[in-house]
Each structure stands twice: as structure tokens, then as C-alpha cells.
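One structure is given here, and the rest of the page talks about it.
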Amino acid sequence: STVDLTAQEAGGDLLSRIRDRGEVNIGIANEAPYGFVDRSGRITGEAPELARIVFQRLGVERMNPRITDFGALIPALQVGVFDVIAAGMFVTPARCKQVLFSDPEYQAPEALMVPKGNPKGLKTLDDIVANKDVRVGLLTGSANISYATALGLMDRAVIFDSVFSGLDGILANRADAFSLTAISLRDALSKRSDAPLELTPAFVPVIGGKRQLGCGAFGFRRDQRTFRDAFTVELNRMRASGELLSTVRPFGFTEAEMTTLTATELCTDTSS
Amino acid sequence: MLGKDLKLMSQSATEAALTSRKDGQFIHFDKVSKRFGDNVVLDDLSFAVGAGERVTLIGPSGSGKTTILRMLMTLMEPDTGTVRVGDDYLFHEERGGKLVPASEAHVRKVRQRITMVFQSFNLFPNMRVLRNVTEAPVHVLGLSKEEAEERALGLLEMVGLDHKIDSYPSQLSGGQQQRVAIARALAMRPDVLLLDEVTSALDPELAAGVLDVLRDVAKTTDVTMLCVTHAMKFARDISHRVLMFCEGKIIEAAPPEQMFDSPDHERTRSFLQSVLNES
Amino acid sequence: MLGKDLKLMSQSATEAALTSRKDGQFIHFDKVSKRFGDNVVLDDLSFAVGAGERVTLIGPSGSGKTTILRMLMTLMEPDTGTVRVGDDYLFHEERGGKLVPASEAHVRKVRQRITMVFQSFNLFPNMRVLRNVTEAPVHVLGLSKEEAEERALGLLEMVGLDHKIDSYPSQLSGGQQQRVAIARALAMRPDVLLLDEVTSALDPELAAGVLDVLRDVAKTTDVTMLCVTHAMKFARDISHRVLMFCEGKIIEAAPPEQMFDSPDHERTRSFLQSVLNES
Amino acid sequence: MTWDWGYAWETLPQLLDGLGVTVLATLAGTAIALVLGLVFTVMRRSSARWISIPTEIFVEFIRSTPLLVQLFVLFFVLPEAGIQLSAFMTGVIGLGLHYATYTSEVYRSGIEGVPAGQWEAAKALNLPTRRVWTSVILPQAVPPSIPALGNYAIAMFKETPQLTVITVMELLSVARQLGAENYRYLEPVTIIGVLFLLLSLPTAWLVRRMERRLVPAPRPV
Amino acid sequence: MSPQLFAYLLEGLLTTLQLTVGAAVLGLVFSFAAGIATCSPNIVVRGVGRCYIELFRGISALVLLFWFVFALPYAGWQLEPMWAGILALALNIGAYGAEVVRGGIVAVPVAQIEAAVALNFTRSQRMRLVVLPQAIARMLPPFGNLLIELLKGTSVAYIVLIPDLTFAGQIVRNATGDSASVFTALLILYAVLAVIFTTIVRLVERRVAKSLGRQPTPGFFARIKGVKA
């Protein structure tokens, strides 16, 4: 059961091996609506659904999803536990040093989940910075952690290991606000509509004068450029034909979430 | 040396004998049975012991001798039958003319008159010799520490161990430990003293010392003694009466001279022969 | 019944006696000393035992009797001095004319002639009676299972336990366990049999049975026996010689009649008196 | 990927902070486990069956379910019942409660290790029940239990990483966070392993020394 | 709950069982190897045994898991998470088991070894024929406890991608949003598994105790029935 990693690092073409195998391993973080297990027990989400179509077009019929902690996605990809991250992972320059990204399939503004009535009157991350009493909930390994670090919020951060832990955490008064993408939070809340919680209107965080627009994409190992490129080509075809939007629409995505930014721009553009 | 301490003992034994109900006896076993699984250990046994009487129990292994003593010490309950000490039932109380199982308080009250010395001494290893002897008088009889120590010193002197009061039991030889155990038991000024093969874990030479102490106790006090032993010479010296047990029954009871010199029963004869034979 | 099994024993004992170096003796303790901390347990002790001789060791507690037996069994090493069994040193080997500490193989070879029965029987609780007796003959002497079982059955019959071969030790009485232990030891056909107070953990009646078995062994074989016991009558019956130990020295050695009836030494007299007194 | 000393050095201060939390949680948890365990033991031996049986079931249940899941429950469900404790307190209580079921077993076997003769002698002297416990049984039962109790303290130390699921930033959470931020797990995780060893080895050594003092030296086989 | 989600739980349950049993078997091998090694007269063998015990008792299974899954691949070989899980748990539990083995051996009365010397058994025969068979009876109850430890210990595996019962619970929790009932179900499932394991161990204990002609110590059920001396 040992796998020789060095063979792959020597530049072997993973895509052709996947084609031979007829099966691709994708990593998801069990985070709705990106990649998750739904009520009926099926693995779905915008990223796995897109990946399914793209891989079919690349000649790979079967898809084998492996669920892991969000924070462990990149290390697990690097050691070969799976071939692609299909978790709607945000493209950040730091992450670009570790993995190759496809062009993003969506952009997502942020929101805060707060107790019903928003007793502390929080609207954006800046409000949290201003009010020193607020404890902010973050998802382990998410991009929000680097925002919070940059904003000096870490000493009041409560780090949850899943979206639902965050939701339960607000209910249990473990934190005053849970910061994540609006789309994740909306989805989580929809499953617990009875919970006395609400979402703030979506916002785009600004750090060091730069807008932090979260764009989710698929991740590949650094030595798999050909693979990544082949994947990106198919993805962009879907984007052009509108098929991308129609595929992700059931998961709560709209035109507002569509983007034409590229991985290259996102990897070099911002810095935090 | 002895008189001083032991005169004080058992003021209540005679008293108890007076208050005893009908037959002038102090301890009554009445139709007592006890079994473990299929093993009938005591078989509908009845006997009585007078106040101040010294009785030796003999008999082959497993015949129920220890069981009798343990039952009197309430370490074991009878299946059926009653045990009476003085006026009180040991495992029962009379309530509205009926016998009901005794409360803990009742058992503790009756048990107060009785104490036991064990084959394996059972000194408290975490206490020094002196505290082994004073612990119960202080916490059970409510003596002050000074009173208890005075009493303990007297008794330890009697058993020849007043120079060891600051030792731990583990620093004493078996014979010394057993003598402390005797002092500890006597410190409670019991009416009844139970002795279960108190020398059989000891070397013959050490055993001799312990038996000497017990001879003294027997001769200078009027404590009621029930004693299981294989030391036949000792039994002859001190006991008023010898009971021969066999399979949970008393098959013969007689004064020691008669029992040892001309036993009635064949089983007694063979038992005594094998015990006296090897030495 | 006895003859059959025991005739076979110790073919080599006489042989050993013949090969013994100078004085016709079989076991030699030569200037053996042993101490634990400050406690001098054996004090420059020398003595010898002839092949086929039966020797009883007596003496007060702590005088070093057990130590002698345990040393012969190699459960303990001497601090100084040598022990010889037949031609071989027990803890040393001769190499180039010099005595060097013995190798494990050498010790095993010499030890093969000796075995021991313990006060607390020490049967193997994980084996049934039969296997307790056959295990060593099979694994040490290299007998086949059938041979070993035949031998074991003969010995178990001799000790009167052939009906218990399928019991576990825990299902036997102490006396029965000790008789199995004797059978187990004899199954090794030792030249030397060591017995350390083999009846003192037993009730007098059970002890009698064990001593009877040992009387048989003594009378029907020529095994060399070293025996620590307080059963003076037994000692008188079987031993050729009695050694009185005191503080790690032999203070008196004599045939049993002389030792028990007219001991020379004051210490012996007082010891014997206390042992014989209580029974 | 090779070992990066610079990165290792950089992460060390944060890891040491995490270690502080871990050690504090262990100490507090041990204190709770020691006391609560004794309480459980005494309750389980109670002659009142309405005390002893529920206690026995409770202890057995806690003992046979994972600490991890218990932490989840304490952290997310207790507040719904109106009990609001900090994450750290929740973790300490979870650890203490869980390990109390172990220490309770240790105390129990310590008590059972006291020879029956001691109970009988105490009864023969008619000592009152409380006195039997305080002067005869516990003084004999507790000292031999100390090494086993010490071992559980070490075990607890190594369980603290589970507090990560209830947002306590102990050693492993810090390492995971660092790993997720920098995508390098090798250094922080290795440092954790070494830190664990540095703390647990001397403790284990101490426990064994105690054990040796309490149990006289064994012999060659 | 949908059949699929139920299937996750079932699969998680099986994974947990697989981890537990696999690590128990492998751990048993480590336990005996190291435990017997610590009783060896040879100082090197003893040293190796001790080092193993101290090292792997000292490092938590979780850290080992992380190492095996995320660090070891850089040293050139990669374990399936499942195998990494079994190995890490086994190394850890084996170190504890080794102490149990040692304790069991040391607890065999010296007199038994002396009796074996008196019968002139060799050192290894003494160990094999006399000491171990008795020691194993003493080891079983603590081994039973370790097995439960191990069962519970497997719940950390989810952190490194092994879809065990706790992991399955997390999935169901995320899918349904119902934290309280998922946690309750998990607690009950683990408790049921523990009871099953305990029962099996007690059956073995009873057998072994019987083969020594001993009374086994009373178990949980006997205890709550309140048999007291």
C-alpha cells in the first residue's frame, strides 16, 4: 500500500494515469455548498458536480470523492491522497505557492452569521475590529483566518473545525459572529431554519486598502501543469456556454457569483 | 504485672451471665445452619457457652470451626437459626414480639462485647504498634488518647512488647505481631475473646511465647474464650470444655481430660491420634 | 506398589558415591558464607552428606536451614566458599586448574541430580495434575510423552492420587497438592531430594498423610534426603543424622536418638523442649 | 520537502503557547480526576443500591465512549441546557470527568488490594465505618495506587489534542493551524512529538521510581 | 435519515471496527515482543524494549497519525491512511500493552519460578511453560481495558482522512444539521461496541481462569447486581 511519490514528481502525467485507471480521486471538505454530503447521503456540491462533467469530457468516467478536514486538503493533495481539490477553495497567493489552481468557478462575498436581531450590530469585519468585546468564529484552514490575522483579530478568534460547529458555536454563545462566505452560511442556515440566527448582508472585506474577493477554484499538485491546463480548458468552455452557471445554480449561485478572473491574476494580483 | 491490667477486664461478663435468660449460659447457637452452595458447613447446630467459660473447638479441616467463630464475630451470617449473646440476638432484633433482621446499630451494639484474634494477625500495617492498640478504644469506646495509651502500655507490657511501641508491624516477627494482636483485642475489654488457630502461622518456638501469653490471660481474667487450636497441651491447660466438630456437627463435648484421654467417639480418637502423633 | 517405581530411582546415587572424591561423601559444603546486608546467615559453614544419607536440619527460625537447601537448589549463591555435588562444583567450573564461575550449562548439568519440594507446594496452577508431573521429564529429561505418563501414573498411585490426574491443583486440598509435588519431584529420579518444611502449611491430619508418603520414599529408595522439619517423630523415624543449626552454624550433629534424647548443647535442649512441648 | 529550520524556529513560540494551554489543561484535569474518581469509588461501593447502580452505569458509560464525542456534547449541548462554560473549562471538565472513571478503577483495585483480613480486623474491633475508611483502608489503598494514577496523568496529557475540536488552542490545534496557514505540517508536528516526549519521559520516569519504591524489586526470571 | 447517510454510519462503524481489530492484533504482537524483551537478562534487548515503550507511550497516537499521513510521504514512502492508522494506533497501544505484559510476568510468584528451577527447566522453558501461561491470565483484564481504550482512540483517526464512526457522525451532522441526535447516536454506538468487546474479553478471561482452576473477577454485570463480600 505504499505509493511512490517521486515518480509523479519527476513530471509524470497524472491525467493519463487517471485515464488509465478510469477513476479520479477528488478531495472535498464536506462544506456546503461547495462539496458535501447531502441529506440523502449523496456527495454533491458545486465543485464535485462541475468536476464530474469536466472529467467525463476528459475521458474519466468514475469519480471517487474523499472527504477531509478543510485544513488538511492541501497537505493531503501534496502527498497524493487525492488528485484534485474540488472544494471551492479560494485562490490566494500563499496557496498558489503550494498548489496550482484552475481558473475560478465563482467569486463569493463574505457575510457574518450572528444571533437573531444582531445584538452587537455587526455588519462587516471592520465592526469586529472596532468592538474589542466581540469574539469572532472562524473555520479552520479557511481564508478568513488570514483576513483575521491581517486585521489583528486572532486573539479573539474561536476556531471551529466545521461550519456546523461554527453554527452550534454561535448558538452556544461560544462566539458572537461567525465569519465565512455568504454562500456557505446561507446554505448552513437553510438546514437549520429554526435556529435563532441571521446573516448580515454580503460584503467584500477590505484589507490594507485592497478588496479581498474570494474566488473558488480547483487545486492541483504543482507538478501537474498539463493536467491543470487540460482541466481549465474544459471548465472555461462550460463557462462560455453558460453550462457552468446552470450546473451550480441549484447550489445557490447566481450571476453575481460568476467571474472572469483568471488564476494567474488572482495569484499575483493581491497580497496580504 | 498482669493482675493490674486484667482485673479491669470484663466487669460486665459476670453481669452478662446474670442477665442471661434461662439456662445461665451466655452464648447460644440455636439450630444454626450454614451452607456454601452444596457444601453444608454447619448443620442445624445448637450449643451454648457459659459466661467466663473457656471452650476449645477441635476437629478435622473443613469441619466448621472457623465458621462458628466468624459467625459470632458477624463476619458471616447464618442461613437459618439464631445466635444469642447475653440477652441480645446477634443477627435479629425483637420488634413487637417478632424477630426481624437486625439493624446495623443493633449489630454494632452486640458485637461490642466480642472480639477476635486471627491466624494471620491482621495488624494494621499503616499504624505503629501503639496506635494499633489504641485506635479502637479511642474511636469505639470513646476513651481519651491518654487513657487509651495507658491501657495499651499496660497490655503491651503484659505481652512483653512495651519496648516495641514505636515499631511498625512489618518490623516485628510473627510471634511479636500475634502478641500485639492479642493486646489489641484485650484493649477492648471484651466479654468474649475468639481465637482462631492463633499460633499455626508461627514457628514452634515463637508459638510457645504466644501460648504463654494466652495462658496468662486465661488464668487472670474471666473472659469467655472460644478457641480453635491444634496445640493440644495448651487446650488441656486452659479449657473448661472441648468440643469436637465433624462435618458441621458437634460429635463429642467433654472436659479436656476426658476428651483427650478417653474419647467416646471413634472419629475423635483417630483425629487426636494423627494430631498428637506428629511433632 | 512402591517398589516398582522406586527401584528405578537413583541408579546413579550409589554410582555417584563411588565417584565422590575423597571421603566417600556426596555433597560437600566447604567454608560457605552468606550474608544479607549485615545479617550473617551462613557463617563459614562446612559439612558433608553421604550418598543415600538422610539428614534432618533443625534449629530456630532464621538459623539458615532454608538457606542451605536453597543454595543446593541454586536458588541462591554463596558469597564465599564452594558447594560440591559428586565430582562437580555447583557454582564453579574447573578450567585450567582454576575455579571460575560456572556457566549456565554447567549449573544445569549438576542441578539435574537435585530437586526440591517446597513448603507451599508450588504446583503449576496452569497444568492439570498429570501434566505437572510429566512436564519436566518430557522437557528436561527428554522422555516421550508415553514414558513420562507411565512414570507419572506410577508415582501418583504411590502417593494415592491416581484418581486425581485430571484435576487442577486449585481443586485439591493442601495435603493432596503436597503429595503431587512429591510425585513431581520424584519423577525426575533425583539423586538428592530437598524438603523444606513440607508439612508446615498443612493441618495436622493432612500433614500426617504427606509424612507417610515420605516415610515410604525413605524406606524404599536410596535417594539422598536433606530435610527441614518440625515433625520430630518423623525426623526420628527416617533420618540417619540430625544437624542442629543456630545462627548460621551447625552447633550439634548426631543420630536422631542421641540428638532427641540426650542433646549435648544447651541451645538444642531448649529448642527441642519448646518444639515438643506444644502439640 | 525537507526540514526547514527557519520555519521550525518561527513556529516555536506559538507552539510553546499551545504547550502552556496543554499543560494547564492536564494539571487541572488531573486534579478533577483525582477527586472525582474517589467520589465515584465511594459511591459505587455504597450499600444503597440507588446510589451504587446508577453510578456504576454512569462510570461504565463514560469510560467506554470516546472523549472526543463527550467533548462535542459538553461543548455544544450543555449551553442549550443553560450551562455556559468557556471552551477551556469545558475541556478541563471533559478530561477530568473522563479520567475520573479511570482513577475510580484505580482506587477500586487499590481498595480491593487491601487484604480481607484488614476489613475483618476492623470489624472485630467494632470500628465505625467512617473510621475504617479513613484510618485503615484508604491509608493502605491509596499509596499503591499512586503510580497508576501518575500514568493516567501522562495519558491525559496526550489526550489534550482532542480539545482541538472544541476550539481550545492547545498544542496540536496550534500546529494544525500553522500547518493550514503555511501548508507545512512536518515541522510543527515533529516539534509537538518532541515536546510531548520531553514532558512525558521525565514524568514516566518519576512514576516508575515511585512504583519501584512502593513495590519491592522483582527478581530474575 | 436517508439510507445513504445510514450507509455512511454503517461504513464508519465497519472502519472503526477494522481499525480497532487491526491495531489490536498488531499491538498485541508489539506488546509481547517488547514486554518479554524488558524481562530479558540481555541488557541490549532490555534496552530496545524499554526505548520502544517509552517512545511510543510518550507520543500521542494523533501525532503519530499526522506524521504517518502527512510527514512520512516526504521520506519516500506513503501509507494508505488506513494502514497508517492501524500502525500508529498499534504502536501506541502496543507500548501500553508491553507494560501489561511485563506486569503480568513480574506478578507470577517467584515461587513458581523456583519450582521450575528445581525441576531444572531452561530459562526459555521456564518462560514458555510456566510463567507466560500464568501471566496471560493476569494480563487479560488490563488487555480488555486497553481494547476499550483503543476503540475510543480510533475516533481521532477522522482527523487524518480515515472515515471512521466519528467521521461518519460528522458527515451526518453536516448533512442534517442535527448535532444533538448525532452525538447521542455516536455515544450509544461506541458504548454498544465497547460492551461487545468487553463481553468477548470476559468470555476469554473466564475460559483462561477456568483453565487455571480460578474464579474470574466479577464483571460489570455481576458488579451492578451487587455481589459484595
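Of note:
For reference, chains read A, B, C, D and E in written order, and residue numbers begin at 1 within each chain.
Just so it is clear, contacts are C-beta pairs under 8 Å (C-beta built on N, C-alpha and C of every residue); 3 or more make two chains touch, one makes a residue touch a chain.
The UniProt protein names, listed by chain, are B, C = Ectoine/hydroxyectoine ABC transporter ATP-binding protein EhuA; D = Ectoine/hydroxyectoine ABC transporter permease subunit EhuD; E = Ectoine/hydroxyectoine ABC transporter permease subunit EhuC.
Nothing here was measured: the structure is a model prediction, and the numbers come from that model.
Touching subunit B and subunit E together: C, D. The geometric centre of subunit B is 47 Å away from that of subunit D, both derived from CA atoms. A straight line joining the Cα centres of subunit C and subunit D is 52 Å long. Distance between chain centres (mean CA atoms), subunit A to subunit C: 83 Å. Between the CA-based centres of subunit D and subunit E the separation comes to 18 Å, rounded to the whole angstrom.
Shared contact sites, meaning residues of subunit E that touch two or more other chains, fall at 70, 74, 123, 179. Subunit B has no residue in contact with two or more other chains. Listed for subunit A are residues 72, 75, 78, 168, each touching two or more other chains.
Interfaces, counted as pairs of touching chains, are A-D, A-E, B-C, B-D, C-E, D-E.
Residues of subunit B touching subunit C in their complex: 60-61, 173, 199, 203-208, 211, 230-234, 271, 274-279. On the subunit A side of its complex with subunit D, the touching residues are 70-72, 74-75, 78, 94-95, 97-98, 140-141, 145-146, 149, 158-161, 165, 168-169, 171-174. Every residue of subunit E that touches subunit C in the complex is listed here, in rising order: 109, 111-112, 114-123, 125, 129-130, 133-134, 137, 211-214. Residue ranges on subunit D touching subunit E, taken from their complex, read 1-2, 45, 47, 49, 52-53, 56-57, 60-61, 63-70, 72-73, 76-77, 80, 105, 116, 119, 154, 158-159, 161-162, 172, 175, 179, 185-186, 189-190, 192-193, 196-197, 200-201, 204, 218-221. Of all residues in subunit D, only 115, 117-118, 120-121, 123-128, 131, 135-136, 139-140 touch subunit B in the complex they form.
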